[in-house]
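Consider the two complexes below, in which subunit A is the common component and subunit B and subunit C are the respective partners.
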Partner chain A sequence: MITAERKPLEEIINCVKPFERILLVGCNECVTVCAAGGRKEVGIVSSALQMAFLKQGKNLQIKEHTLERQCDPEYVEELSTMITGVDAVVSMACGCGVQEVARRFKTVPVFPAVNTKFMGASERQGIWAERCQGCGDCLLGVTGGICPIARCSKQLLNGPCGGSGSGKCEISPDVDCAWHLIWERLKALGLQDRYEQIIPAKDWRTGRGGGPRKIIREDLAE
Partner chain B sequence: MNFQKQLESKQFIVLAEMNTPKGIDVSRFVMDIRQLKDRVDAVVVPDLDNGVMRMNALAGGVLAKRQGLETLIHVYCRDRNRMALQADLLAAHALGLHNLIVAPAQEISQCDHRDAAVVNDLNETGLLETIGTLQNGKDLAGFDLEGRPEFTVGCLMTPWSDKASFEEEIKLTQKKISLGASYVVTPPVFDTGRFAQQLAVLQTLNVPIVATVFLIKSVAVARYIAANEPGAYISEDLIRRIRKAQDREIECLKIAGETVSRLRDMTQAVLIQTMGWEHRLPALLDAAGL
Partner chain C sequence: MQPFEPVIVAFCCHYCAYTAADMAGSQRLCYPPNVKIVRVPCSGKVDAIHIMTAFQKGVDGVYVAGCLDGDCHFKNGNIRASKRVVYVRRLLEEIGIEPERLEMVKISAGMGERFARIAGQFTEKIRKLGPNPVKRAESPAA
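== the complex of A and B ==
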């Protein structure tokens, strides 16, 4: 999933300062799961903003709404009835959701209320970790299901480096060495010979190398 | 005379672009430069120009300088992060290369190594700021430098296709000037009449203008540019002139030479790009009456 963290309240306050009426929009998908921008967080930010402005003697009108999926035009359309009379939208979805709202409503400013972080998974309650950088040509089949691009600090395709010690990466004792994990896993799978193979220099064309990416499915495209 | 002094002297400056080899045989590169001695004021060495992996501008610049010519080199952001860029700038200065052109870079999908990872840690404005920071004796992390480099820095304008993109380019160039660019290199000028109309606006930038003269080498190239660069204004007359010429090669050199001599009365400097025909530069300069 895509992970995000709420921006500092101060920053959100600064964005909405010039406005009287805002629409605060959450998303029911990834940002709900990582507790950054779902219905609950929309409520929390809404109250916090209202309180902050009341202290300054200003009555900020906030409409709250949480969409099923903010990166999907079909759901974003729901906002069209709510947006009349609104000076600005504050989106609590990831960057994709913010942009989808901005694309649909050309004349209303849209501000992000979260910082979109990475594609990751929940390691345990309250902890999310990076797992994939969307390189567009997945290597997990040869690296035992552990991604060296997202999880090795140096993005080594043939590791580990000299900094690997006791299974940890040289950058911090809190970071697992991806190549240690890869080796252990290949061993457990009886696939040690995979490790002998040299992974060639990566073709980054499938990643961000070739400019903004798009998927076109002829069979589905209208 | 160094390039900074040339700019200050207000004399007409002729620059010639020299591309480094793809490989290690520099004999032609060096020979082409040698024959320009006393014929141009400085040479410009682009860095991996047009997205072609080749010997870098740092080495090319040093080789050019060794031939006794004042030298300008390109610096760009696509392939190096801020650490590498700063390191190269320090190296350039130590090796006697004090003239820089901050250049845009080709998008990686148009380069000859399309599978390469892209860096773009800084962009052109960020690089200009970086050069300014180094000149103040610090690096981007705030650490003191041993000795302060001094560069003469210019920027490149990218081709505009209409009034709106010209205005945008002017605005961006103003930003670059505010960040330390002290001269501006224009896109290739093919139609000096049209260029004259834009010159009034360019002059409001208040820095020396270096007009680029691109040597068209064939009818095909002329047609290609005419079709793909709407802002270039390559007329049918010009294409016909090349097509009808007895010796097309000479005609092409003449056309570029004439453009140079016309620009002489309009801008402080010209940069001649011959893209592989560097050996014909003396003939082009003859045609320009230089």
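== the complex of A and C ==
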């Protein structure tokens, strides 16, 4: 999932300060799962914003709505009936959702209420960790299902480096050495010989090196 | 001008603090009528939005009363509640409301005296803090 964290309330407050009526929009997908911008968080931020402004004697009008998915135009269209009379939109979705709302409603300013972080997985309740960098040319098949691009601090294709100690990365004792994990996994699978094969330099054009990316499925595209 | 009488909401777990309040009554112990009890099936049931809404509606203080450590009927509801209280205190701080207006307390079902004492102490603390700034701004004459 795409993970996110709520921005400091002060930053959100500063964004909406000039406005009287705002639409606070959540998303039912990734940001709901990582407890950053789902219906519940929309309610909490709405309540906090209203209190922050009430303290200053201002009655900020907030409409709350949580879309099924904020990165799809079909769902964003739902907002067209509620955007009338609204001075600004505050989106609690990831950057994709914020941009989709901004693309659809060109005359209303849109502000993000969360900082989009990374593509990750839930390690346990309340903890999410980075797992994928969307390099566009997946290596997981040769690295035992552990990504050296997302999980090695140096993105080494043939690790580990000299900074690996007792299974941990030199940047922090809390960070696992991805190449240690890869080795352990290959060993468990009986595929140690795969470790000996040198992975050639990666063609980063499939990643961000090639500029903004697009997927076109001719069979689906209209 | 009438003296300030704080309104306090106490979210009380059915299995401990609520029974402790009952016990306080049976023992004929006095505690301030400012404390309005909301019975919940477990302190872990109290969500951030419940606490925020209480403050938004103008209460001056909130406390969540759960079981003693290790005694939760649902295993760890009181631990979750404690963490949530810490989270909401930070939120309150971010919007300039004194975090001391919110507390987590642990009470067993037999602690009627402790229930009454906490209710009294918390009411006095909030009385000193004064009205909820949200309410103060809404009705400047109050």
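In this text, the second predicted complex is superposed on the first by the 222 of 222 C-alpha atoms of A that agree within 3 Å, B and C clash if a C-alpha of one lies under 4 Å from a C-alpha of the other, contacts with A are read in each partner's own complex, and residues count from 1 in each chain.
Here is the rule we use: a residue touches a chain if its C-beta (ideal position, glycine included) is under 8 Å from a C-beta of that chain, and two chains touch if they have at least 3 such contacts.
Owing to the predicted nature of the structure, the values given are computational and were not obtained by experimental measurement.
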item	value
Partner chain in contact with A:199 - subunit B first, subunit C second, else both or neither	neither
Greater subunit A contact set [subunit C / subunit B]	C
A:211 touches, of subunit B and subunit C: first, second, both or neither?	first
Touching partner for A:10 - first (subunit B), second (subunit C), both, neither	second
Partner chain(s) touched by A:43 [first = subunit B, second = subunit C, both, neither]	second
Partner chain(s) touched by A:54 [first = subunit B, second = subunit C, both, neither]	second
Residues of subunit A that lie at the interface with subunit B and also at the interface with subunit C	none
Subunit C partner contacts - residues on subunit A that touch it in the complex	8-10, 13, 40, 43-44, 47-48, 50-52, 54-57
Subunit A residues within the subunit B interface of the complex	201-205, 207-211
Subunit B to subunit A touching residues, read off their complex	107-109, 114-118
In the complex with subunit A, residue positions of subunit C that touch it	47-49, 52-53, 55-56, 91, 94-97, 133-134, 137-138, 140
